[in-house]
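One structure follows; several queries about it will come next.
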Amino acid sequence: MTMLTDFGYILLFIIAAIVFVAVILFLAKLIRPNRPNEEKLTTYESGEEPDGNANVRFNIRFYVVALIFILFDVEIIFLFPWATVFGNKRLIAETDGLWGWFSLVEMFVFVGVLLIGLAYAWIKGHLDWVRPEVKTTEYESKIPTSLYDKINQKYSQ
Amino acid sequence: MNFWYFLTALTLLSASMVILSKNPIHSVLYLVFTFFCISGHYVLLNAQFLMAVNIVVYAGAIMVLFLFVIMMMDLSKNSPDSKSTLTKLAGAILGGTLLVILIAASRKVDLKDVKPIDAQTGMVEGLGQILYRDYVLPFELVSILFFVAMVGAVMLGKREAGERNF
Amino acid sequence: MSLITLIPLFPLIGFLINGIGFRHVPKSLAGIISSAAAFASFACALTLFLGFNGQPQIVHLFDWITVGTLNISMSFQLDQLSLLMLLIITGVGTLIHIYSIGYMSHDEGFGKFFAFLNLFLFFMLLLVMGSNYVVMFIGWEGVGLCSYLLIGFWNKNSNYGNAARKAFIMNRIGDLGFLLGIFLIINHFGSVEYSEVFSKIAEGGYSSGDKTLFYITILLFIGAMGKSAQIPLYTWLPDAMAGPTPVSALIHAATMVTAGIYMIIRSNIMYSLAPETLDIVAWVGLATALLAASIGLFQNDIKKVLAYSTVSQLGYMFMGLGVMAYSSSFFHVMTHAFFKALLFLGAGSVIHAMSDEQDIRSMGGLRKKLPITFITFLIATIAISGIPPFAGFFSKDEILAHVFEHNKLMWAFGVLGSIMTSFYMFRLLFLTFFGEFRGTEKQKHHLHESPIAMTAPLMILAVLSAIGGFFNFPHIFGGHASLAAFMEPLFEQSAIEHVAVDESLEITLMIVSVVAALLSAGVAYFIYVVKKTVPVAEGEETGLQKVIYNKYYIDELYDTLFVKPITALSNFFREVIEFLVIDLIVEGVGKLVKTLSSEVRLLQNGTTGYYIFAMVLSIAAILVWSLKSFLLG
Amino acid sequence: MNAIIALSLFGISNLFLGFLNNRKILLPATLVFILIALGLNFADWNHEYYWFNNMLKTNNLSVNFVTIILLSTFLVVAISRSFGDDDEHSHPAEYYAILLFSAVGAIMMVTFENLIMLFVGLEILSVSMYVLTGSDKRSLRSNEAALKYFLMGSFATGILLFGVALVYGATSSFDIHGIAQGVAKAKEQMGGAYGPLLYSGVILIMVGLLFKISAAPFHFWTPDVYDGAPSIFTAFMSTVVKTAGVAATYRILSISFPSVYGLWGNPLVYIVCATLIIGNITAVYQQSFKRMLAYSSISHAGYLLITVLAKRPETNSSLLFYSLAYAIATITAFAVLMVVSEAQAKNGKADESFEALNGLANNNPLLAFSLTISMLSLAGIPLTAGFFGKFFVFSDAFSNPSSLFKWILVIAILMSTVGIYYYFKPIIAAYMKKGEVAKIELSPLYKFILILTTTLTILLGLAPDLVKNIF
């Protein structure tokens, strides 16, 4: 290995980044005082008391959206090499300009099919986020609601 | 060459950790790491585009899916390991045997007349030319494959009346 | 369209009308349509027979299958053998159709029954008319299917369904051999047409004992074993008696079961060149004849007796084939078709009169109530027992004479078998028609002679059983052996050594067997008419004492010396040989498959991990095996 | 080739037809689409075209296979009855669209010239099948089947892909003729430099494809998946997927790897025997008609592979004839199974056991008769199409000079005898067992299909040369 390739530099960057982070964290550990208590060790949830396990079951709709995302992710990856050859002068010259049209149509068909798929999912309503229905409580409070409005008015000023 | 050994060792190590770690989320993280290592191999093979794809699609998007799947399972109920030690052992021995067979067979491969690759092999442009000129048809039909996958996924993933809603 | 093609067409049309229009065709019409179809075929066959000039005729319908150089055509061959078979099938078939109109009149599946009968006729005609082995095989399978459908016709009883399935599967085991035989023929001769195959053999200079011919013939014989109920594939036939009686008469006595004999006669050129096979055929035939006859000795179900008798008679025919007495065997096929059909139809008439009772212990004294049935049954019994001048005498003695010139020991056994035949047939006759009526009062009240539709066929068959022997009246009595002469061209290419039998010897042999048959008929008369013995129900020892209460000491002596050992032997054959040996081999295979199945099934345990484990294991094994040169080197 | 494009477009349009909220038009529309594709397919008849830089090749063989695939798809769609009328839980537009897409995949698998096409086709077909297997979301069995199928299927695909990669590495070609040259060259040099890679690649490709046609010992998924999937899709899987899989296996083995016959032929002999034995023997014990059909489909894969293995000039036509006969009979059987099991449903669950068929003939003569003919055909009884299918296959095996084939043949014939036993169970149940099946009302189309398939089965059994000459 006589000289570094382009990727060698990237590797060096990666290594440097890792080393830097490690060093900083290590330094922080040396300097900071270490007095843990229970409050400090709980998960931070915007000031709420953490309740139950964080590993709750996700809704499958997350998965569906992620899946659609992947499909378009892959589609975009196909676009990238296409972009490099779409305007290839040599190929265009060789084919009397047909190459450009050919590759353009080609990609339009590809993207088109996937767009139709997206349209399908959209019309079908798979992209809408169905909110859980808000349950209105049946409880009839003896305090008239106007009182609350008054309080709200009072403090909103 | 030395770097290759290092990378390979790292890949194998993280890959085994995927299987060995008890926590599925750790497994996924090890898998991400494995993908990075494999991307490193792509770089060594002069396939930069594949490296990028591997990181974007596999280490990025597909791992997200993996995580979602894991999160969809109820992890709070820690189900005891259903496989007995014997089963695990048998599986390991069998997998090892297959590995040994393939390695033993590949030993005989004669690599002396392998053509050295030139700097342009594996570049995006070459890939583009092959993909969009020679392999048009499979390329277009892959869109049908994606389409089926999408339709299937949304159809199966759609919540139906009577199903539980979280 | 020639007459030849019309013959199978009529039953097919009959089947289509009755089958498609089932429940829409009125009952009265359904029977007439089928019978008319059968009769029309008979008329065609008869016309062809009368105008036959001795030259085989091949009618090519269309090219059926072309595989490479092999061309299998759908074509019919009309020669001496197929003509005779046609006459028997359509003739006896017509009679049985007519009989069924009366017999089945109360059945709700009337139309279906006739549709099946016509379908059977169609396939049977295909079997005998085809000009190549594949068409024969189609008919062969088709009759098996119809037999299956008809055995299980009364489907309310699940035992009947099992009997049907047993019959079908045993036949399929035979068919396996047949099919392999056909493949071997294709492989070896490149054709399945009889004419081409046989001329190739005749020209090919095959020597006697050729290996290929041995394999072909033995495989074809396995097919014949299944269809014609020979050891070890015979047990389905007695069970097949579950079907309606006309079916037993048509399929399991007169026609289908003789298909194996037809096939061997058809292939006589090959068999004549394979002496080892012929020996096997002869000995299997003899063993079957003896085993079935001995089991028949003490059966109490009227149809079971006839079934075992059929198996036994088929054994005789095979024995005849085994000694290359082809035309004699065929003669026996013909006479057997007459008298066995008659016996079954007679039995059907009795069962009809007895309100579906089949146990001869509850019968007796029926001769006054059913005079026509009795007389015709008597004629048939005499015929089957081989007492002159009725049909069975001539055909059986011809076979026995040929057997004698081949092997004396075999002949002795053959005569033993014919003694037993005579005994059980007369026993059946006496128990059914003589003595006092032993059934219930209700049955007694119901006793009546059968309608004309049923008795007319009986009478016609009785005449045929009586005079059938004269179709081939032997030379020694001044006859012309016209059947044998007619069939002569069939065996031209076949290398049969004719050993002229000394006339006086032949007459001696005849006298021996006739005397033996008469003697055993006499013994039967003595036991069942004079002594009025009635077989006891199984396990009723006290019943036995009651029955023999007033008998002399000599009776008991006779009982211990003679009846008991034979009963024991008969039971031994039935229970030990049939149920242990035969069932162990034949049905054991079936059980083995079932057991295996229940074990193999457990491989499918539903665990994905296990499935993948098995897959990887197989991949590893295949890789090791395929790459062994690289792995070891 | 044009059929591929047309079907893709039709599949997409089907999805959007679904937005009309009119279930009635979907079924006829899909049928028309398939017929159009069938017409386009015939345009390639008697020509030999290469499409898109040797990606696909159409010739008479491929047109015939495509015809069988489209015919089977047509029949399956025709007996689908618009998937009931439960708008909430069934999605006919999606099902029909996916069926059309999977037909695209199947067509790719029988016309491919390039391994990439094989792979994409296989994936389209497999993904569609995973989805359809799990389409009955409320049934736990269906979900389990889909997951199992998916796990094992992706495993098999991985193996196939590994094999393709190894073969590419050794021959530097994805083109099946290019590979053939590379393989032949390697064979001359006793394996050459890349022998081990090449040979493992050949084996792995074969294994990957054998999985799809459920040959033992790669058949384990079949009973569970066929049993769990909704019957209509099981019918599709056991006909279209099997035909496409066998055609693809045959194509690659006979075009790319003929010079290393010994390499794949030797293991295939044992695979064929194992498939025949396991398929037939296990079927004997089954109590469920549907599961029995699953095992029966395993055993038929064995028969089909015999002729692939025999490698005769007649193999093309035998394979086509057998596939056609098998597909028609299987679809008939499923058509009967579906309506009867629904009519006999207990507690809302369809009864797929043999008992459900008891006494079928009393009130439903057409169903019972069609069932009988299809069972006879599957069992290989003469005068049905199945007999000649077996006959051609067996005679191919017989005409192969290797004595090994005599043994395969003996096993095959023995096993077809075992087959009689279980194929007769439904017939016995329908005609001879006591039981009551209420008269089942069938739509005219359903009746027409039953009559059509039954007639075809008999017609092909009477005059096999009708189609045999075309093939």
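A, B, C and D are the chain letters, set down in written order, and residue numbers restart from 1 in every chain.
Operating definition for what follows: a contact is a pair of C-beta atoms (placed from the backbone, for glycine too) under 8 Å apart; a residue touches a chain by one contact, two chains touch by 3 or more.
Protein identities per chain, from UniProt: B = NADH-quinone oxidoreductase subunit J; C = NADH-quinone oxidoreductase subunit L; D = NADH-quinone oxidoreductase subunit N.
Quick caveat: nothing in here was measured; it's all calculated off a predicted structure.
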item: Farthest chain (mean CA position) relative to chain B; value: C
item: Pair with more cross-chain C-beta pairs in contact, given B-D and A-B; value: A-B
item: Chain whose Cα mean lies nearest the overall Cα mean; value: D
item: Inter-chain centre distance, chain A versus chain C - centres from mean C-alpha coordinates, in Å; value: 82
item: Cα-centroid distance, chain B relative to chain D, in whole angstrom; value: 30
item: Computed distance of Cα centres, chain B from chain A, in Å; value: 21
item: Whole-Å gap between the CA centroids of chain B and chain C; value: 69
item: Chain C: positions in contact with at least two other chains; value: 617, 619, 623, 627, 630
item: Multi-partner residues of chain A (at least 2 other chains); value: 113, 116, 120
item: Residues of chain B whose C-beta touches two or more other chains; value: 102, 105, 108, 133, 136, 142, 144, 147, 149, 151, 153
item: Interchain pairs in contact, sorted by label; value: A-B, A-D, B-C, B-D, C-D
item: In the complex with chain C, residue positions of chain B that touch it; value: 83, 87, 90-91, 94-95, 97-98, 101-102, 104-105, 108
item: Chain B-touching residues of chain A, taken from the complex the two chains share; value: 7, 53, 55-64, 66-71, 73-75, 77-78, 80-85, 88, 91, 103, 106-107, 109-110, 113-114, 116-117, 120-121, 124, 126, 130, 132
item: Interfacial residue positions of chain B with respect to chain D in the complex; value: 102, 105-113, 133-138, 141-142, 144-145, 147-149, 151-153, 155-156, 160-162
item: Contact set on chain B toward chain A in their complex; value: 43, 48-49, 53, 56-57, 60-62, 64-65, 68-69, 71-76, 124-125, 127-129, 131-133, 136, 139-140, 142-144, 146-147, 149-151, 153-154, 157-159, 165-166
item: Residues of chain C defined as touching chain D within the complex; value: 22, 62-68, 70, 137-138, 141-142, 145, 149, 152, 155-156, 158, 160-161, 164-165, 168-169, 172-173, 176, 179-180, 183, 186-187, 590, 593-594, 596-598, 600-601, 603-604, 606, 608, 610-612, 614-615, 617-619, 622-623, 625-627, 629-630
